[in-house]
Every structure is written in C-alpha cells, then in structure tokens.
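Attaching a single structure in structure tokens format; questions to follow.
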Amino acid sequence: MTPVGIAFRLLVLVLMVAFLANPGLFEPLLLPLTRNGAPAIYVQGDLVALTLNHLAIVAMATGAATIIAVGLAMLVSRPSGVEFLPLSRSIVNIGQTFPPVAVLAIAVPLVGFGDRPALIALFLYGLLPIFENALVGLTGVPAAVADAARGMGLTPRQILFRVDLPLALPLILSGVRLSAVIALSTAAIGSTVAAKTLGEVIIAGLLSGNTAFVVQGGLLVAGLAILIDGVFVAAERFAAHRVGALQLRTA
Amino acid sequence: MIEIGHVTRKFGAAVAVDDVTVTAPGGAITALVGTSGSGKTTLLRMINRLIEPTSGTIAIDGVDTRTLKPFELRRRIGYVIQGDGLFPHRSVAGNIGTVPALLGWDRPRIRARVAELMEMFQLDPAVYARRLPHELSGGQRQRVGVARALAAGPRVLLMDEPFGALDPIIRLKAQDDLLALQKRLGTTIVLVTHDMNEALRLGDFIAVMDAGKLLQFATPAEMLVRPATPFVEELIGTGDRPFRLLALAPVSEIVEPGTAGGPPVPATATQYEALASLAWDGRSAAPVAAPDGTIVGIVTVTGLLRHAARPR
Amino acid sequence: MAVSLRPDKVGVLVAVIAAAAAASPFATFKANRIVAGAPRSLFEALPPTGAAILAAVLAVAVVVALLRTPGWLRLAAALAALGALAVAIGAVPAHLTPEGDRLARVGPSTGFWLSLVAFAVMAADASIRLRLGPLARIVAVLLVALGVALLLRTGAWDGLSVMKEYAGRSDAFWREAGRHVALALGSLAAAIVVGIPLGVLCHRVPAVRGAILGVLNVVQTIPSIAMFGMLIAPLAAVAAAFPFLAALGVGGIGAAPAFVALFAYALLPMVANTVVGLASVPAAAVDAARGMGMTARQRLVRVEFPLAFPVILTGIRIVLVQNLGLATIAGLIGGGGFGVFVFQGLGQTAIDLVLLGALPTVALAFSAAILLDAAVEASRGRLA
C-alpha cells in the first residue's frame, strides 16, 4: 500500500471516530444540506449502536460464509469431489448473477423482517466470491509443488493443510474482502427489511428528503468499507509476499 | 539396490512402460535416458509409487515396495524434480526440514540437520535459512531442492531432470557437486534425463528407454562402444564418439614408461583433457604427475589415439 | 446400455435436495394478500391424478440422476421435471381456492423452490457433461424463455399470487421494466464509451494507471444505496443552476442519479478489463506488427483490440449483470425500475409484490449472464 493510501485510510478512521464520538462537531458541514430547519444530525437512533450492529451483522454473515465456502472448496478440490468441480464452477458463476437486493427480498418470506433476512442474504451472497477464490487458489497450486509434496511422503491431509491452504491464503483473503465489502453495502439495504444498520439513517433521509442524513449514513458505510478493504488488502499483500507472488489487483 | 521386475504401466489403452526388467545397483548413479514419451519418468515415479504399476514388482534393498504405505515409502526416498518444486510459502530451513518433521524428529535435531545440509551445499545458514524460495537464484533453489531430498538421509534418491531448469554453466557445477556428493554419501541414485551427454557424464550405468521399452542397460563406455540398437547409436551421436570415450577414462589407465619435457598432466585428468592439452601445445608426449606430485611416466598422443579407436 | 450400480455423485446431491423438497410444503395458501400463509403438501395442493403424475415424473428424473446415465438422457429428464413443475404450479390455485373467493392468494412454497433448484442443478450438470457449445446454450436460453412466455400468454399461471399482483398493475410493470432495462443498458453504453478509451490511456501511460484504478476502486467500495442517495444533492444543485438540464430530465430525484451511480460502478470493470486485455496481448504480436510498419493506431485497431476483445467482452458481461441487479436500488430514489415493486412490497409487507420485482430482475440478470458468457466463449474460440 502506498503512503498516500495509508494516510487516506488513517484520515478516514480519524474522521469516523470523531463523528461517532461527537456528531455535533460536524453539524455546520451538514446543515447546508437540510431544508426547512430539519435536523442535520440523525438522532432517532444511536449512531454508535447502529454502526456496531452493522459491523456485527457483516462479521457474522461473512465469518459463516468463509467457513462454509472454504470448506466446500476444500471438498470439491480433492480427488473424491472432482465430479462436482465443473458443476460448482457454473453454480458460482450463475449464483453471482443474483442481485443482492433480490436475495434480500426473497429471504423475507422465509424468515420475516428484522436482522435475520439481512444475515441470510449476506451469508448466501457472501459464499460465492469466497468459494470462487478459494477454488482458484486450491486448484492453482503449481504442479511441481504438488508433485514434490506427494513425492516427499505428505499424506493427502498434510498436503491440504500444509501446502494447498497456505498457498491459497492470499486468494481466499481476497474473496473474503470482496464478500465483506459487498456485505457492508447490502447490509445498508437491509434497513428496508428492518435490519438495524446504518442504512436506517440513509432511508430516513430518503423518506424525509433530508440529504444530510443520506450523506452521513452513506459516508459512514463508505468509511467502514474503505477501512475493511484496507485491512484485507494489507493482509493479502502480507500473505502474498509470504508465497512470493503478488497478483495484479483487478477488482 | 532397486530391482524392477517385469513392470508394466498402462494409461487406458496406451502402454507407457512395457514389461521393463532392470536393476539399479546400490551405491551407484543409474541414468535413465530417453526422448519425451519414452516412459522414463513414469518408470521413475513407479519406484516411489507416485504411479502404481499395472503389473510387475519393484523392490528396494530386497523389500517389496508394496509392503509399505505409499507415504511411508516416499519419506524414505529422496525425490528431486525439475523446477525444484520448493514450497513457496516455507523458508529454506522449513523446506529442508520437511521430511524430518514428517518423521517426527525433535526440533534441535531438525535444526542441526538443516544446518549441516546447508553447509554441505554451500549455503550459509545465517544468511539463507530464513529466506523464501523466491528470494534465491535458480542454482540456489536447485541446491535447496537436493538438500531437502537428502534431509532424512535416504538410501535412495530419485531425480527427474534435476538440472533441466539451469543454464549451462550452473548446470556443469551442479553436476560436479552431485558427483562429489554421491561419492561421499554412497547414495543409490536414479536420474531421469533426456540429455545423453548428462547421462554419460553422471551415470555409472545408463538405461535407455524408447516407447516404453528398455533398449539397453550398460556402463557408459560399453554403450559408446557397443550400442544395442540403431536408436541408441543415434541418441549417442556418432560424430564425436572417440572423444566421448576418452572423456570417460582417466590418464592413469594408459601411463607409459619413459620421459618427456614440458609441464606435467595430472594422472586424475581425463584422457580427453590430456589429448586436448597435448594438441594445443603441439607436443607428442607429456609427463604424468600423481596427486602427490611425483612423475609416474608419460602419456603419448599415439597411446591416446589407440585408446580412442573402436575396440575390435 | 451398461449402467453401473454405483450411484452418480451429482445425482446423489440432486436426490438429497429433491428428498428435502418432498418433505416440505409444495404451496402456500393465504386468506388474503397480507396474512401469513398456510402450508399445503403436494397431494393437498393438486388433484390426486395431477399430483401422482408430477410425483412420478420427478421420481423418474431422480432415478435417471442417480444412475450413471448418458448426458442427453439426464438433460431430457431434468427438463421434463422442470416443465412438469412449471405446469403443475399453475394448476394449484384452481384446486386450492374456494369457489368465488377473490381475496385468497396461492403461491409456490419451499418444496416447489427446492425441486426447482434440484432439477436446475441436474440440467446444468448435464449440459456441462454434454459440453454444449456457445450456440447451443444461447438456443437453450431462448427456448426456455419461449416456454415461459407461452405459459404466461396462455394464462396458465394467472391464478398464482405473483400474477395477481401483476394483473393489478400491468401498465406499471411494463413501464418499470422499460426503465430498468434502459437504465442498465444506457449506463453500460456510457461506461463502454468512456471506459475503453480510459483503459487504453491506462495501458499506454503507466503513470496514470495507478491513480485512475485507485480512484475507481474507492468508488467501488461506496455502498450502492449511499451512492444513489448522495448523488441526489449535487444533481439537484446542477438542475437548479442549469434550467435547460432540468428540462432534459436531470434532477435530484429520478433516473439521473441512478444513471450516474450505475455508470460510476461500471467504470472500474470496463477500465480494468481493457487494461488486462491489452496487457495480455502477446508482446511478439505487437512487435511483429511494429516490424511490419503499422502505426500505433493501426496496431491498436488491427492487432491489440481484436486480441484483447474477449477480456473486454468479459468486462461488459460483468457490468451488464451488475447493472441489471443494481438498477433495483433506483426504486428507492424515484428512479424507477423493478426495485419500485420490491421496495413497495417490502413497505406493505406484501411478499407477492416483492417477488413481482425480484423474479424478473433475477431472470434478466441470469439470461444476460448465460448469453454473454456464451458470447465470450465464442470470441475466445475464434482466437484459439
């Protein structure tokens, strides 16, 4: 990460903490966005609690998705699961075409309103990027390395845990990063199904025509996304350096 | 000693290795030569059961390889492949210590063994132990690959084109190192190569394969002199046969009594080197010096040429 | 033909899902639009003969899946099962709704959806085994679309709750469908026009590459709902400052912020794929072109673009699928599209209305993905 990138992310962090600790400080900046004397700072709910709940939903859904997706990728990339490999590739490919909003909306009839449909939608939608990346990583171990591992007498299990998984780690992290960033965004939409997230602030702004709410909610979620993205990019770089391969970042 | 008896391997309808019987003598280097698709790599990989034979038996030092679990068998056999196959996420020390760790050695013993091997391969542990493979040169990676294969002190070492990825000068050095190492450790080595020059240079014995069949198993000199089939003869090349023959034997074998002037030729030099030296200087004879410096006789151009001629 | 007794592994998966479907309710019956539904099993939901026929067709398909049967038979069995499901669900409302009840709502339930998943998986697996070429896949999508259109036309599904929502607002449905597609395609076109030259610039001038891709990456992390919302303010200001733009339809609320947001999200995939595509052109080909005396422009048009085309097309695929999904958010800010129904439905807790918006969105994105994947494969095949 460049020094500019690090400085930018630090600035985002400082501004976010300052805003959450004392939103009043920023009132003069937001006031011009309001009309008819509407309040500039969202006070119907506790911004800190919303932020934490937003993060908690994303963390739970993404954590569960990581465990399941990496587990499935491990199964499918072993010789005994090879019959599922092409099928699972196309399921992932097609599954990603499901729009997050649609997944969210379809989860409501199954579990009702609240945090739960958001969790389910985030979890389901989060599976795909992680699975796809884990699969690419686990099946992309160089042939010479795989051959050497077998030739030295590593058991299939040892090959999986000592060679394949560590080598796939940067790609898996990249998948988790994509999932987490998408989940942050989808969790905001989750407010439309009554999930307690920062989307509540944005929706309140849209409903009352108060742009100040939209902007503060949006910037808070964007800030979270930028910070989480930064943390994962750093972790990926570190892991990729360990395996000596810096992939071109395209997404 | 590796005894391969009537081993056949089929892939579907294709026969990769066709009823091969051959014994790689213990404590020697056996070079397995052939073009790509000849079955040489398949044969090698059947020794450590990376590929299972369709039929036939393989025994190492009298023990049938089928009596061991594949991964236990492999931990007793060193394995080196082209492009080194080092684990990119493990340090040099971690790579070399892989098999000892699998065998459950304790940490101090692994550390000591890794240091010993790194010294043996001219890699300063203080500098290189913590480096990752991508931070090494090609030659260094190749040495780490061989050190890793030797870590648990295997009696048998299998090598599949181990020098294929190295450029010519580093390759010569690596080949010399392997010869010295084999002399010192007495390891039984089977080495696959497509390069007959490499086989002649390294092999105590050469096995030539084509289309899955073993065409000839012989010492390098015998193979030069009496190639079993036209294919073997073509593989060796007929143009510089006399010189290759000279390159296989030391000067000490053809020392004649007498005296000659000029700088001496070492008795340990190959006859090829002696002829080259005499031809360059325009001399017809030179004194021969034993390793301790004493002159033990002379070597003559006539004597060298006699030795280079086709045996009758 | 020889059939091994060892079950097919994918077939086992299909059978497990189908078994779960059999254990779940096939349809739901609701006394009116808002209340919670009551589950109805397959044999409750359909007349005995109809239920028996459907169960038999599905059972045969599962047996075909479990045995190691040839690909074409698997595909035929899976399509037959899917077709039977589609016809059967249309027959449920007539059977379940009491005579004269105009408020009752009948819709598919877990069992139906799981069966759909099971046999869709089977069909996908069979088409992979058959190695269907790009053209065959495009034809398959068109045939399925034709089948669905036929079922809609004949009114076979008219009794279903989703269709009742449609019946009440068919004008609005087609208006929003038009807006949805216009938003997605329009912003895609804009992204192509701007993104490809930007990609060429990034490829030619490495100094600006990091900056452009960096900014676009940050744009990509902004949550969609916030992006749509935050564009309201600046666009309202623009419209206020330039009345002629307002006359053109630019404004804070409506399609303009949605269009700009979709365009902003679409730029990264377009630029990045153009850069990757150009970078993957073999250096030898470019060198040969230069050696033959082509100008920079000729090289770009005759050598680099044709070779980079499959990767650029992949970028277009990503953008189109992403846009079709994201355009739903426009419904929140008055931009139209299928999102209107989704969010109205969520607001009224009317799930059928939600589905009226969500199902066409999924179908559009899904077909676009299959069609463009086939196009990408065809363009690669031409080069290989």
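Letters are used for the chains, namely A, B and C, taken in the order the chains are written, and counting of residues starts over at 1 for each.
The definition used in the following text is that a residue touches a chain if its C-beta (ideal position, glycine included) is under 8 Å from a C-beta of that chain, and two chains touch if they have at least 3 such contacts.
All values reported here derive from a predicted model rather than from experimental measurement.
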Measuring from CA centroids, which chain ends up nearest the centre of the complete protein set? A
Can you check which chain pair, A-B or A-C, has more C-beta pairs in contact? A-C
Let me have the rounded angstrom distance from the C-alpha centre of chain B over to the C-alpha centre of chain C, please. 60
So how far apart, in whole Å, are chain A and chain B when each is placed at the average of its C-alpha atoms? 53
State, to the nearest whole Å, the distance from the C-alpha centre of chain A to the C-alpha centre of chain C. 22
Multi-chain contacts in chain B, i.e. residues touching at least two other chains, fall at none
Applying the document's contact rule, which stretches of chain A touch chain B when the two form their complex? 142, 144-145, 147-155, 158, 162-163, 166-167, 242-245
Inside the complex, what are the residues of chain A that reach chain C? 2, 5, 33, 83-84, 86-87, 90-91, 93-94, 96-102, 105-106, 108-110, 113, 181, 184-185, 188-189, 192-193, 199, 202-203, 205-206, 211, 214-215, 217-219, 221-222, 225-226, 229, 248-251
Quick one: in the complex, what on chain B touches chain A? 48, 50, 70-76, 79, 81-89, 98-99, 102, 132-135, 145, 148-149, 158
If you look only at chain C, which of its residues touch chain A in the complex? 8-10, 13, 110, 121, 124-125, 128, 210, 214, 217-218, 220-227, 229-230, 232-233, 268-269, 272-273, 276, 321, 324-326, 328-329, 332-333, 339, 342-343, 345-347, 349, 351, 354-355, 357-358, 361-362, 365-366, 368-370, 373
